[in-house]
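Okay, so subunit A shows up in both of these, paired with subunit B first and subunit C after.
What follows is the complex of A and B.
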């Protein structure tokens, strides 16, 4: 019951307190000379947000970079030792390799499925329902999606009835059942596909909106000139969709670099399925090695910085043409 | 069937095939969660569709009571509702300042926010964890509300600032001529006009917090008194092993609310999720 009291205070109290704060600010600003008011007021309005961002994002990010040069308990400066350790550690190497797999195959698969569904659904009368169904997994947490897919991937030895859907299908068409999540040849792809399944709806919706923006006259003109559907798609639709695809791709790359939930729940990085984010979590909570955990996090940030720069450039460009 | 319909056949087959791959797993979860344990271990979930139709609510009863899913549901609500409302309330004021007030450093600060959108959460875990330890906040709801507020703000400010900035300037000039102050303009003009953006943002933030695993694991831990459903279900995956009837019902309980929101508010839902996907 204490929980609900706390909840009520947070839900009603915080917006009320904020409103009170703004009225108070206006009263204080009102005492200033008229000319000074517009210079002072904005700082009060962004004040609470600024404080949160500084305490929970800016300061911790800088602090983590700093801590990556210290030992496990952050007591002694160790130079680049943590970085030399992670450069040689087998677990981190496996994680790096797998994150490359994630970046390449996750991004490619989501884009291909998203584009395929967006283009094909455009030509059938049940486009709306089709896209809705593809979008449903976006509402499902990665934890729940992991349970759903672990059940799909379930394995029984050959000869026993397969209750896992995938192995049931495989054995029905005459194949051998596989332990998808422990088999080193398939497990990374099995994990990646869970995330693909979750996020294809996102790519579909955005690419589909981009597709509707391609002028119909342009397509008609090409068709009248005798261009085949494939040529129309490759020469007209794809180039026009380019910028949209780039935006979706950057989002997917960031996601692939930070992949955590699916791996944590389904394999916890065993059987060579480790990823950087899970490695960092293990260093932090299992080994309690803050130095190494900070170094791995910094590595992750370094991998994301190119994408960050692309985003900033794009933002500046958008602002310039506003 | 005429020739045109036949030529469209491969198209329909492909789309329906993809729709099946995207629907069957969720359907399998749902069906399996209502099947008795002895059938789940010996038969496939698809056999539920042939007689004798044997369904049960036992699994739900069991996970809700003995596996703490009922507590976890309440905890998820306790984490998520303030975790949605607080950042949006704080962001709205800041976004208004960024959109319609002029001040030095405005562009630099906003550019920093855009950069922070993609900074991985992992960069913040250790220092914030230490901060919470110093204030003895680890494992409390207050800690996770504060964390989600900090993490949610850059995107919330970004989205609202873009929306507020798109409102026509004449509106503000007219309000100023009528003698409306900043506060009146904000509460009576800007907020009511921004309901669609606020709804999309609220749905996005709600879903982000509701489905979050990492932040909850780090700042709340696995104690049943505070663990939300994502943490509880991920623990059950380890402890229940092959008890698929229980795991699938726990998973379904954890997705029921987001699915309900999706079907009730599909348009805002899709808009929020697609706008917010860039978030770190």
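What follows is the complex of A and C.
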């Protein structure tokens, strides 16, 4: 019962406080000379959001970087020790290699599948249902998706009834069952595919929206001029979709760098499937080494920053040509 | 603009509301009652609730809930149990975040000591009746739960590790005899292998804790091959992993796991099969394997997988055989330690209740658990198997606690991974041990 009471307070109280804040701001701004008001008002309006960004984003980031120069319990300054450790650690090296695999194959696969489905769905009458079907996995949490796929990849020794869907198919067509998640040749790709399956819907929906933005007159003109469908796609559709593809790709690259859930649930980084985020989790929660965990977090941040810069530049460039 | 801002404000407010609600003491109805539960509570209904975090899921969770049911009925205290297979991470996060459960199962004595030294655990000396505890628990069990002479943890359930399970009907029909020594066991394995069947079933998968069933094998071998002194030095971090004792323990285990014909399904099955399911091929027809190494709790899993199975006639065990006769009569045990992170009347009452033989016999009767409490009646054990395994603890000359649970968490995790790496490729042993040495130097520093 108490929870409901407090929930009511939150639901009613927060909008009230918000409205109150706006009136308060107007009252304060009203006391200023008319000329100064437009300069001051935006700061008051953006203030709460800015405060949240500072407290929940900027401060923890700086604190993490600061802690990465301290020892396990954050008590003694150790200089760059944590960084030299992670530079020499085999686990971190494996993780870096795997993150590269994730960035390349995850991003490429989601884009290719997404684009393919968007383009093909565009040409059929049942586009809506088709896209919805592809989008459904997005609604499942990564943890749940990983559990589902663990069943699909399940392995039983040859000769025993295969309980995993994939091995059941493989043995039906006469192949040998494979331990997809522990076999060093397949496991990273098996993990990446789970994430691809989950996120293809995202790429499909956004690229499909981009596709609708391609002017029909342009396509018709090309076709009238005798261009084949493939040429139309390559010369007109693809260039016009460029910015959309770039946005999706950036999101995917950042996601690939942060990959965690799938790996944690399915292999926990064993059998050479370690990724940076899982390494950080282990240092933080299993070894309770705050210094090293912070150093790995900083490394991850450093890897993501270039992607953000490229994205911002492209964004600004687009604004400029508009 | 507004909705986004609104969300940001509502989010923390809701979380805050829930925390406040979780912490606020509820109304305390009064009433009269008797029994162990009520005496634990100092008599009467005290009401309210107590949060408990543990590693048990599925059947084990059901057994724990059955164990606390009389307590709930008699005291009116609601036990809010939460189970996780990644206990260490969840517990650490909640303790660090200032939101610990009131009572929690502790991952092991090693982890308990770290929490105790950080001042996170409540000293149980004033809460539990010390002399009654001495009367009910063997000294070693109490010692394992104490740090610097203070009692921080108490065992509410235990198990004997290193039991070899088999189907006696199969042994009789094939006229296999129960091996007395490790060499005999290897000879028997080879005999079964040469007859075209797989002697062993091994399963190492266990979510984030994958690899641990292998650590039990290694511990059993080290204890019987290198002796208790080396065993102690090993988990205390003073014996190197690359030392001849530990290296040869891996190689001894390798006689079984590095031969693909020795284990059902070979390395792929070992790495992908969950420990709970891994013994089931003993009971297929014809059996897919003849022996399975696991602690006493596994009977629970056998019966769950094949409800018709009867202990003693369908499955039984022999203790892990001696390797070096000098160390004959060794046994390895493990158990579930409980500690208190928040001292509330409800938590005190529940902890007191859990230490009683009345409470512990409930789980014992349901199967899958041995009691750490001496007062639990032997007649309460559901069958001869449980009684026999309980007897191993009391009759062994040398009893040692699960070494990996005594190691620092970072070392324990690396040990799990090393097991998987070794099974994946036994030729990499030297590299694996060198890496463990590196982690050892680092993990024991704190």
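Rule of thumb we're sticking to: the second predicted complex is superposed on the first by the 258 of 322 C-alpha atoms of A that agree within 3 Å, B and C clash if a C-alpha of one lies under 4 Å from a C-alpha of the other, contacts with A are read in each partner's own complex, and residues count from 1 in each chain.
Everything that follows uses one rule, which is that a contact is a pair of C-beta atoms (placed from the backbone, for glycine too) under 8 Å apart; a residue touches a chain by one contact, two chains touch by 3 or more.
Here the structure is a predicted model, which is why all the values come from computation and not from measurement.
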Worksheet item: Is A:157 contacted by the first partner subunit B, the second partner subunit C, both or neither?
Response: second
Practice prompt. Tell me which partner A:143 touches in the superposition: subunit B (first), subunit C (second), both or neither.
Written response: first
Fill in: Partner chain in contact with A:288 - subunit B first, subunit C second, else both or neither
second
Worksheet item: A:7 contacts which: subunit B (first), subunit C (second), both, neither?
Response: both
Worksheet item: When the two structures are laid over each other on chain A, which of subunit B and subunit C touches more residues of subunit A?
Response: B
Item to complete: Could you look at A:297 and tell me whether it touches subunit B, subunit C, both or neither (first, second, both, neither)?
Response: first
Discussion item. A:307 in the overlay: touching subunit B, subunit C, both, or neither? Say first, second, both or neither.
Written reply: first
Item to complete: Check the residue A:264 against both partner chains and state whether it touches subunit B (first), subunit C (second), both, or neither.
Response: both
Worksheet item: Once the shared chain is lined up, is A:121 touching subunit B (first), subunit C (second), both, or neither of them?
Response: first
Discussion item. Considering only the contact definition stated at the top, list the common interface residues of subunit A for subunit B and subunit C.
Written reply: 3, 6-7, 10-11, 14-15, 18, 48-49, 52, 154, 264-265, 281, 285
Discussion item. Which residues of subunit C touch subunit A once you look at their complex with the stated criterion?
Written reply: 2, 4-6, 8-10, 13-14, 17-18, 20-21, 24, 88-89, 92-93, 114, 207-208, 210-211, 264-266, 268-269, 271-272, 288, 409-410, 413, 417, 420, 424, 435, 443, 446
Worksheet item: In their complex, what parts of subunit A are in touch with subunit C?
Response: 2-3, 6-7, 9-11, 13-15, 17-18, 48-49, 52, 72-73, 90, 154-157, 160, 178-179, 181-184, 264-265, 268, 270-271, 281-282, 285-289
Worksheet item: Considering the complex alone, what residue numbers of subunit B touch subunit A?
Response: 8, 11-12, 14-15, 18-19, 21-26, 28-29, 32, 40-46, 74-75, 77-78, 81-82, 85-86, 89-91, 93-94, 96-98, 101-103, 106, 109, 111-128, 131, 141-142, 145-147, 149-151, 153-154, 157, 165, 181-183, 186, 207, 210-211, 213-214, 217-218, 229-230, 233-234, 237, 242, 244, 247-248, 250-252, 254-255, 258-259, 261-262, 266, 269-270, 273-274, 277-278, 280
Item to complete: Note which residues of subunit A are touching subunit B in the complex, please.
Response: 3, 6-7, 10-11, 14-15, 18, 22-23, 26, 38-39, 41-43, 45-46, 48-50, 52-53, 55-61, 63-65, 67, 113, 116-117, 120-121, 123-124, 130, 132-144, 146-152, 154, 161-163, 165, 168, 197, 200, 202, 205-206, 250-251, 254, 257-258, 260-261, 264-266, 277, 280-281, 284-285, 290, 293-294, 296-298, 300-301, 304, 307-308, 311-312, 315-316, 322
